[in-house]
Amino acid sequence: MSDAVTSSATDDPRPLRAPTRTPEFEARLRQRYKAEKRFKYAGLGAIIFSVVVLLFLLATMTINGIGGFQRAELEVPIDFTQAGLAANPAAMEGNGAQLALEQQGLPDVVEYFAQEALGAEGADKLGSQAWREVADAIADDPGILNRSETFWLPTTDDFAQALEGDGSPELQALATQLSDAGQLDKNFDSGFLARADATDPQEVGIWGALKGSILTMIVTLLLAFPIGVLAALYLEEFAPKNRWTDVIEVSINNLAAVPSIIFGLLGLAVFLTIFPNYRSAPLIGGLTLALMTMPVIVIAGRNAIKAVPPSIRDGALAIGASPMQVVFHHVLPLALPGILTGTIIGMARALGETAPLLLIGMRAFIATPPEGFTSPATVLPVQIFLWSDEIDRGFVERTSAAIIVLLLFLLAMNAIAIYLRNRFEKSW
Amino acid sequence: MSPAILFLLALGLGLAGWLAARARAYGMRAASDTGRLASLPQYHGWYVALWVAVPIVAFAVLWSIIAPQIVLNSVLAHPAADALPEFGFKRTQILSEARAVATGAAQGVFDPMARPLIEPFRGAIERTNIIGLVVALLLGFAGGAFAFLRVKPDFRARTKVERSMLVLLLLASLVAILTTLGILVSLVFETIRFFGMVDPVSFLFGTHWAPDPMASADNPDVTRYGAIPLFWGTIFIGAIIAMIVAIPLGLMSAIYLTQYAPPQVRTWVKPALEVLAGVPTVVYGYFAALTIAPAIRDMAMSVGISNASSESALAAGLVMGVMIIPFVSSMADDSIAAVPGAMRDGSLAMGATKSETIKRVLVPAALPGIVAGVMLAISRAIGETMIVVMAASTAANLTGNPLESMTTVTVQIVALLTGEGSFDHPATLAAFALGFVLFLVTLALNFVALRVVKKYREAYE
Amino acid sequence: MVTQTSQFEDDSAAPSGPPKMEAQGVSVFYGDKKAIDDVSIDIPTDYVTAFIGPSGCGKSTFLRSLNRMNDTIPTARVEGTIKLDGDDIYDPKLDVVQLRARVGMVFQKPNPFPKSIYENIAYGPKIHGLASSKDALDEVVERSLKRAGLWEEVKDRLDDSGTALSGGQQQRLCIARAIAVDPEVILMDEPCSALDPIATARIEELIHDLRGRYAIVIVTHSMQQAARVSQRTAFFHLGKMVEFGPTSEIFTNPKKERTKDYITGRYG
Amino acid sequence: ACGSEGGGDTRNSIRAVGSSTVYPFAKAVSEAFARSNPDFGSPIIESTGTGGGIQLFCSGIGPSTPDMANASRRMKASEFETCQANGVTEIIELQVGLDGIAFASAQGGIDMNLTPEIVYRALAARPYGEEQTAKNWSDVDPSLPNKPILVYGPPSTSGTRDALKELVLEVGCEANPEMEAVKEADEDRYDQICTEVRSDGAYVDQGEQDNLIVQKITGNSDAVGVFGYSYLEENADRVQGLPMNGVDPTYENISNFEYPGARPLYVYVKKAHLDAIPGLKQYLAQWTTMWSKGGPLADIGLVASPEDTMARNQTAATQYTTIDGSELN
Amino acid sequence: MVTQTSQFEDDSAAPSGPPKMEAQGVSVFYGDKKAIDDVSIDIPTDYVTAFIGPSGCGKSTFLRSLNRMNDTIPTARVEGTIKLDGDDIYDPKLDVVQLRARVGMVFQKPNPFPKSIYENIAYGPKIHGLASSKDALDEVVERSLKRAGLWEEVKDRLDDSGTALSGGQQQRLCIARAIAVDPEVILMDEPCSALDPIATARIEELIHDLRGRYAIVIVTHSMQQAARVSQRTAFFHLGKMVEFGPTSEIFTNPKKERTKDYITGRYG
């Protein structure tokens, strides 16, 4: 306490020496600046921590996942002219090709040529479903039955691991030998984006889950978007201020914060009771997620609508537009970018949602991509969850690859949302 | 008659009505001397279209409920139905199989007794379809004619159309209430059934959790349904460990971003944090289970803690905390931003440094909002499922050691419901009771927090 | 110390014909709070009427009750009668949409729609079905812009956004927009308070030109402006209308003490 | 399921529930089936544990009940009766192969020669009716390592647990002659003493996730896991099987039943569903093409049944012969 | 038409002593936009200086550059020199915290901290460490409140929240808060524009009392207020300082045409 202040307590007209100009003050000031710096670095540290965690997570997933887009394959030349397979064009039509070729003994043919090329040991390491890829090739072009052709076919999972330097020494030795001979290699697995789930990590694909996600999202969007927008318009523009609208408002705000698993319980207890046979179907999944997404859209929508300046409404009303015309001619078009941003964010959340879908059965093993909204399906995040539970090390890479696919989708959606927000964010 | 066909009919006839009425209104406008109608022609079009389509759609909904009954009655009157068993589940089953085959929905029947009923079903369905179609057409035309005749120059079609639009908007906003009710209904009934089997006291206060889905449902062992270990695990992971990570980091991030970061940094870091919030929880779960949990276990082992679990509460809690950081930071960001700039200016003008202003004015002023944000974050953490499902365990331990495994309410809900347990076993119903508790707790947290946030925003508006 | 330089026009003559609008015993409430207390006033057809008074005295509130814009505020409630050409505008049978087409309004802050200039003007005629063809609509747009004195400035860029204009142009656009539906009365709530002096002068000129074709009511916080543009002035204070009469009289020879104090800058 | 009488529900894809042990095989079969027969929907297989699966399976016929139940033990007579009571009268039974419950630890981890008696005394809630006091293996038998007892195993819903009870615990329990008397006198008490597993943390129930158990024991070299042999084979490079009565859990020892934990695996099918569910017959046929020795299922750890059993089941799968309850117990 | 009734004090005497603050060729930019253009002015120690001018002319901008509050606006940039007691306040070596403790500020809208009345006043002394004991702090609080003429009204409820006071009391609280750190200059930016006439009168009275102890600069939009409280007036227009001189002269005998037009209500 400087005397300056005390002395001025006697209320003389002006302080002799301002208390804020003393050396003590300046000493204190240096301390204060140190504290300032510490505080600032603490904040910077917090940010850096978050960003580093994010980068670490992304890096882990990417490093693990890049391998997931590849698989170990063996080179198998097949001379079909010796195989004696009949390319009955009728049987090759449509979906029957696999079955027809299987009955004609294609698996044995593949096995035979594999033994020719790789020896019995090596042929044994060919994946048990590898012949199906040959079958697909034949179905695509029956002409190859008249010539010989070289295929790269997936190995068994163990053998793939052995190529990575894992597993029993004998296997590893064989792998080294074949790979030195150029008969074993890791290749980009384009089928990963085209196949569905499988038991063997060498055979799995992400398309089944991706398609399931897309179908589910379509249902979600078709339900949540119109209902959300209309509800937001009602609440923001028309609702009288009374107990009823309070109830609506409170329930929307709460729904937006209810744990997602509760929506799963709702789906299980209500939707699956009403439609017991659509268990695992994108229809039910979409319905459940729509209820979850709708409040998000309503809240985003209301904020966007609120941001439209009242002067626009006044202007339209004052030339005789009806409230409904004001809303649909002026407010909605102006609020749309904001609503869309909110919708995309809500949809992104729904796309990443797992727990509620587990409860309504979208966790089943389904080996073919879903055909429509009512056929059983799984979705990307659930697929990730299921694969993460598999013990096979092959699945570790595949899981990370699936995560990459999911994250790419989400990043794209977020980027669109951020772009929309920056592009159309208006301050009136 | 599939409702889809009736809907298409409604659409088609509605369009016709729309065109006709609009043309008529244009005609009237041309004929009138002012050149003005009370409403624009297109509103007359909509008016008539609604009068055509709404009755048909309403009828379609009604018909889809009563038509099966009509079909059923006529099938039951058929002699082939005499062989049916008396009332009961079996009878229902047979009838529905026969119907499924008759409509082409199924290829064959499960029960041979259903086979003779297929033909009667076909016939009856065909008849009712024709009736439905005729009635729908009549309704559509009647409504259309009524509305069409009202198209007059001074008829205020717009008011009517807008009123029906308003009804539509109102209905949309009621969906939220229906959803809330749906949640309540689906939780409450099963919970009540559960409490019929296991008394609430042993559920809420018991300390041993080991439901046995295989045990007989008639006389469940209530001592295995003590949920305290779950509640504790939930609180320990979600409200304690996760918050120890999320609150300081989130708050400091928000402070740095809003108060210190140059705009350049903010434009990049903010979206990055949003990405952190947008990463699906299953990815975090995988990250926790694959990377963090083993790391923590190894670390604990290396300092000589031998009983560290590879599903420690710590791993789940830490990752959950990281997931919540952006959530806390954006809530804190909002609250601090809601403090009027005048407060900050006032403090700076007194000669306070930035950090003094933040610590002594901004944060205290934003405290209600921050606390509410933390409550929301907690409610989110305790409702979070996938991280704990993947990184925590199903072992219900009542312990304070973060290196041991624990389980949470959400993990148990998933565990109990992902099998296909039957809905009359207490182990299945327990999931609903847990869900109900979770719902109530998060509801209370959210409700209070939203109230606080709102009050607090209003205070500064 | 302040010298008044503007000249009053001759405004002593009584207005010709019956009043366009009549307010009788009008009170306006926001919830329980009375913002306007028992105001009666006749709005003449040929003259510009100005409302002046200190901030918060209820000028805007009263103005907005003249075309029922107060309906948009849930808590607002109007008592008393307001007539337009003898018909009560608060009659439940009256269509408020039609009323607002007849009684246009221009606001303090220019509020063009964020659409093209053309669309801004054409919007009113479109929703009211005033133009049966594209040509007719073009004509309405051109006529309205011409009357608002904006045509020359914008005729080559009708497709530009209305919000891209300068403040003064925006305000004239809003006036043109109001004119486009052929209103009988135009209400203006401090139309120049957001504008610079040059734009203000143009608007004042425009009001001058429009006078006679439309009954005009203008709220202004600038006494000088009221003196320049109006022939009748009403002085509001604390929700009451204190004095109403020819503008020159109110400014040079106010009858009430309160008016005089306001004019001389004692408060406000 | 459906409220109104005669509503037209239906289902187009096969649904199977049940054993987590059979699950990987059922999945592989379903996958092969789905890819060979793209016209049929992909079968939906859920792993609910044998008991839970059979319970669902027996709840009736019709689209809302599963078509098949996978089981890691034979259906019990009591379950068969439930089936009958609910209208599931005609059941096709296929023994698809063999499996053994394997005791295993991490490669290089704890190693012991187990016997049913040791396991019983280590894991029973009340061994021979007395207080469970064993904390370490050496408390059970001084020759065993002085390491804490920590066993990760299947939950009570699973067939593996049943097998553990039946093939190991009860055998170990009956090593004590007094138990015979108890069995005579009080069946319930016998069950309690001989089959109840301790719940003080030494035995950790890991849900229906055998994979997780593998993960657990690889992470903790002192832990022992209990799971199906297929998982042992699958993870041979990281876990080691523990011998029981001196016999290692190997393919040979299981297929000739020398290993005490060997047991057959089953699939049950509702005959009434064969016509109604498209593809169900083909799916059954698919099993028969894959279960042979050296076939695709053997690749993932199934031990093929003896020749004669296989032939018998081949017939059942093509002729749709049903079981009668008398042979079950 | 407008009659000026307030009396000017005698303000013709030149201020005693050197100016407290001197601005020389000060320009302020917001990004590329120049808001203040080459202003030079001396702020005397003993007098109250008023800044007047139409809205947006840069009064607040200039005022805020006097205690570097403009630093808080990232786009703002100041050119020229401003000196306090002869030291350049924009000198990088000068500490802005200390500067602001010496040059206090009161804002247009009262902005008490959402803390108790006591804490509001004690805030400055606490952060600057000006009071060594609780008693000393109590004393500072009491003295500041007394000087701000608020002590009698609040002495029994020092623990109530500062935001619970009326608008006028809040503004006096803010003045007391500024006084508590014993500043040398007090800047006030339209301190009464959010207050009712009675509260305004009290603040004006307070300014009168404080004069002499602190150099005071006040921005006001009310010419009457400037006339009532200040001895020196600067008239700003479009970012330039048009005229500066004794208040009575500016109001009765402005030298510049623009000043005269403004005073007589031609624009603004």
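Assorted remarks:
Think of it as A, B, C, D and E in the order they're written, each chain with its own count starting at 1.
Heads up, the rule we're going with is that contacts are C-beta pairs under 8 Å (C-beta built on N, C-alpha and C of every residue); 3 or more make two chains touch, one makes a residue touch a chain.
In this text the structure is predicted, and so the values were computed from the model without any measurement.
Here the chain-to-chain distance from chain D to chain E, counted in touching steps, is 2.
Legend note: the chain whose CA centroid lies nearest the centroid of all displayed protein CA atoms is B. Relative to chain C, the chain whose mean Cα position lies farthest away is D. Pairwise, the chains sharing the most contacting C-beta pairs are A-B. Separating the centre of chain A from that of chain E, both taken as means of CA atoms, is a distance of 58 Å.
A straight line joining the Cα centres of chain C and chain D is 87 Å long.
Averaged Cα coordinates give chain B a centre that lies 50 Å from the centre of chain C.
In chain D, the positions touching at least two other chains are 2, 9-11, 46, 63, 215.
Annotation for chain A: residues 20, 32, 322 touch two or more other chains. Shown for chain E are the residues that touch two or more other chains, namely 97-98, 101-102, 127-128, 181. The part of chain B that touches chain A in the complex is made up of residues 158-159, 162, 165-166, 168-170, 172-177, 179-180, 182-183, 185-187, 189-190, 248-253, 255-257, 259-261, 269, 271-276, 278-287, 289-291, 322, 325-326, 329, 351, 353-356, 358-359, 376, 379-380, 382-386, 389-390, 410, 413-414, 417-418, 431-432, 435, 438-439, 442-443, 446-447, 450. Within the complex formed with chain A, the residues of chain E that make contact are 95, 97-98, 101-102, 125, 127-133, 136, 139-140, 143, 181-184, 212-213.
Chain contact summary for the complex, chain C toward chain A: residues 67, 69, 72, 74, 97-101, 104-107, 109, 111-114, 123-124, 127-128, 174, 177-178, 180-181. Against chain C, the residues of chain B that register as touching in their complex are 29-30, 35-37, 40-41, 156. Chain A meets chain E in the complex at residues 1-2, 4-6, 8-9, 11, 13-15, 18-21, 24-26, 28-29, 32.
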